[in-house]
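Shared chain: chain A. Partners: chain B in the first complex, chain C in the second.
== the complex of A and B ==
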């Protein structure tokens, strides 16, 4: 469960892998913002964006199947997007033999295109950057220190807490428990309560262990690579190409 | 409920991001008062806990399962400011590592799931605790109400954001009704599991539950003859000082609720037949209407006779709160005195 989730990185040595995390974060956020700002009626622009992302995936050497598999997180919004043409108001049009709302159809396309591009961009970032580097990158981008520290502890102990939850599940099931109706919520909730106490007490022990090693209230942060100008220039290619596309789309619309 | 990229337009996304960043900045300062220098490890572990608990699926009905959002749970367990940090970290990690929730919608997601749920749950819990008898177990029903309200409140704020910066042209009344209806159901699930979880923690480590602080029963002294004498709480136990901020919280909560009701009902009824529409006869959607909302069309319906409706919403809330207060007063008075909870010494942590 959790163990599977925490290894989101894909090992590799491509240009995309080697770029410092902060550069990649800035480039991807700029890219996604450009996509969101593009007028939805200019359909071709979104295919250009998709092609750009496909090139990045190819350069990074990510298996396309892996990218597709991780795209399942957007399924809830795919369902929502599919509903939009039927529940929106405004002039009705014929589409694939169905009478649907024109604005709803456009909105569905908008959500589908922009949402998917955003998800793929985030997948590329997560797959080419170790989670530790991501946190260091966030710190380089001047995210508040305390927030980065909390995130660091969370990422570090996610697997431990997840494994703890897994052991509790095995203990429940080995006693014949099987959650099948609402009455079993109490058991699940008690496990959650126990999990909180264990996590919190672990936090207290971790804190004491840190104190005994000279912790004074903030963590030393190490090996924060500073980004070179050439790294920024390399990463800027993607949002720059997107910006040209978006400008063309604005002029065309 | 994670909002993806492209759901709200760019100006709205930026506005919510600025709001979220400002709130996080305040929370970073205030959380020090809740956890002092232990903030980083404890909030980090709590974030890992919330993340793990969100994966804990429970059956909802026929073949479907749901999971917690966790805002109310975090607020009750570790205090509101720390909870905002915890939820923000969880959401940032989900967006960056798991592509769950759009990068540009991060501010929106933090605002909805990290700030609105926490704030509504916390104000509600504090308000309800004021009416319930002063003992740790009162936190459980208070948590139930808080978690129950937190989910539809987040849904309402989402609808508000959608009206300002949404990219589709949905009928307002129907949107409000479906979002509220659906999320009230989700809220019931959230309330049941959150209050049961808090109850489980209170049963073993009441000292860990932030919302239960200051609710320990007063000390009772027994003399050698067996007479029972109530010990006077000293200032250090916070008997009197714990009261005042609660009044402030309750007032602020009331203000937030009234504003929401006033503003939300204003929006909802600018399409007067929207609610009946869902309730009924014509099906979910049929008639084509003029576009009510372009981007930032708020100015257009400032004078659609909204003010009386907003006032009606406020009056409605006042009636509901009044009825609720009376009900709780009654319940509190007629509740059988619970078994004396033994005063446990605070357990020391063994590493």
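== the complex of A and C ==
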């Protein structure tokens, strides 16, 4: 899991990689909102959205298999979506040989399509933007400073804490421990507690080190380039195309 | 003797809120440009002393003056600029997403920005030979490189005195030597807290022993390390086979 976090970004020089982060974040949010607002009965619109994202993936030069692999995070939501047709009330319909609730089926489709599109768009953003740039982008978009600072520390210490967890697991297993039944949960819980305390103490040491360098309550702004009008225009292509699709879907419905 | 010492600690005593007393009246004066090692066994009060130097800990008896300026509430900002502490674990010291941002943190707190900030950051990274790593995230560096960047983060504040807490801990011999080469080149008063005695001999012409909350010895490092009885009395031991009287000349 440690290695997984360190290389979320996929190196590249495409136009998608080069756009300033704040521009990409705005484009992502605009795209997701447009998708969410699209009437769920207009099935075709969602295939247009998917095609738009596929084009962006191609331009960014991301390996499609990598995008598919990262979509795994969505699985818990999918399970929930798949349950809906069976548990919902209302008129029943035949679907793939099963009798299911019509409204449930639509709700499941709604969740599946909109969720997947949002996840893929977020994957594209994460894969083409280094985490530091994302933080800078959020800062430039005037997200509350405190939230940006918390995210900054998370990015920095995720691996430190992850590595610590990994070492604790190796130490447990080196002494013959293997979590094989529920009774072993107690040991794992104790490790989690120890990890929490270690991280808390590290937090205190980091705070001391910050005070020693003159920290007075807010992190200085990180260096960032401002976005040009042409960058905004380039990034607007995706949400704009989505908006046209959505408008067509509204008129059709 | 007309110049103000970089650091003057007088009669410093301190007890933690839980009642544990760590310092019992420490007196120490460090002249400008000196490199002094603070030696002492674990639990001698070394870290407590370090945290007093820039006012993180306070409230006991005694006084700390940095280049003549007393450490107190209203001088805190200037004191923290003048005293640069490099902590033992670089992961505690480096908390920003890139090396450049981290080195910029201190000077930015002092109000620097734009080109002046960039110049200061790059100069500090040059001094520790890490300029080419400016845009890397700290967790992609080796431990030795992170320690060097940690030194740069305080050098960027142009401190009056550099305080190093166990600078050689966890370093492999090559990184240890590289750090030593960097430290001797620096033109700054240095206080080095350590129990790596050969390292103290290599880098610091003068050493003091802190034991049970007081300074019990102060003199040329080689003489102190050669004083068997003194060393034994304060749980200081040289590594096997190391003979301080024969070891290479103090630089």
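By definition in this document, the second predicted complex is superposed on the first by the 252 of 253 C-alpha atoms of A that agree within 3 Å, B and C clash if a C-alpha of one lies under 4 Å from a C-alpha of the other, contacts with A are read in each partner's own complex, and residues count from 1 in each chain.
The rule we apply is simple: contacts are C-beta pairs under 8 Å (C-beta built on N, C-alpha and C of every residue); 3 or more make two chains touch, one makes a residue touch a chain.
Computed from a prediction, not measured in an experiment: that's the story for all the values here.
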**Report entry** chain B versus chain C as contact partner of A:202, first or second or both or neither
**Finding:** both
Query raised in the report: Which holds for A:193: it touches chain B only (first), chain C only (second), both, or neither?
Result: first
Query - First, second, both or neither for A:244, with chain B first and chain C second - result: neither
Requested in this report: Considering only the touch criterion stated at the top, classify A:160 as touching first (chain B), second (chain C), both, or neither.
Outcome: both
Report task. Check whether A:66 is in contact with chain B, with chain C, with both or with neither, and answer first, second, both or neither. Result -> neither
Query raised in the report: First (chain B), second (chain C), both or neither: which does A:152 touch?
Result: both
Requested in this report: Using the superposition on chain A described above, determine whether A:214 touches chain B (first), chain C (second), both, or neither.
Outcome: second
Query raised in the report: Does chain A have more residues touched by chain B or by chain C?
Result: B
Report task. In the overlay, answer first, second, both or neither for which of chain B and chain C A:54 touches. Result -> neither
Query raised in the report: Just chain B (first), just chain C (second), both, or neither: which does A:132 touch?
Result: second
**Report entry** Common interface positions of chain A, toward chain B and toward chain C
**Finding:** 131, 152-153, 155-157, 160, 202, 205-206, 208-210, 219
Report summary line: The answer for chain C against chain A in the complex is residues 51, 54, 56, 77, 80-81, 83-85, 87, 89, 91-98, 100-101, 104-106, 108-110, 113, 137-140, 153-154, 157
Report task. Enumerate the contact residues on chain B facing chain A in the complex. Result -> 2, 4-7, 9-10, 13, 24-25, 28, 31, 37-49, 51-53, 55-56, 58-60, 68, 77, 85-86, 88-90, 92-93, 95-100, 102-105, 167-171, 174, 192-193, 196-201, 203-205, 208, 284-285, 287-289, 291, 349, 351
Query raised in the report: What part of chain A is in contact with chain C in the complex they form?
Result: 6, 131-132, 135, 152-153, 155-157, 159-160, 202, 205-206, 208-216, 219-223
**Report entry** chain A residues touching chain B - in the complex, by the definition given at the top
**Finding:** 1-2, 5, 8, 25, 28-29, 32-33, 35-37, 40, 70-71, 73-74, 77, 84, 86-92, 101, 103-104, 107-108, 110-111, 113-115, 117-119, 121-123, 125-126, 131, 134, 138, 144, 146-147, 149-158, 160-162, 164-165, 179-182, 184-186, 188-197, 199-210, 217-219
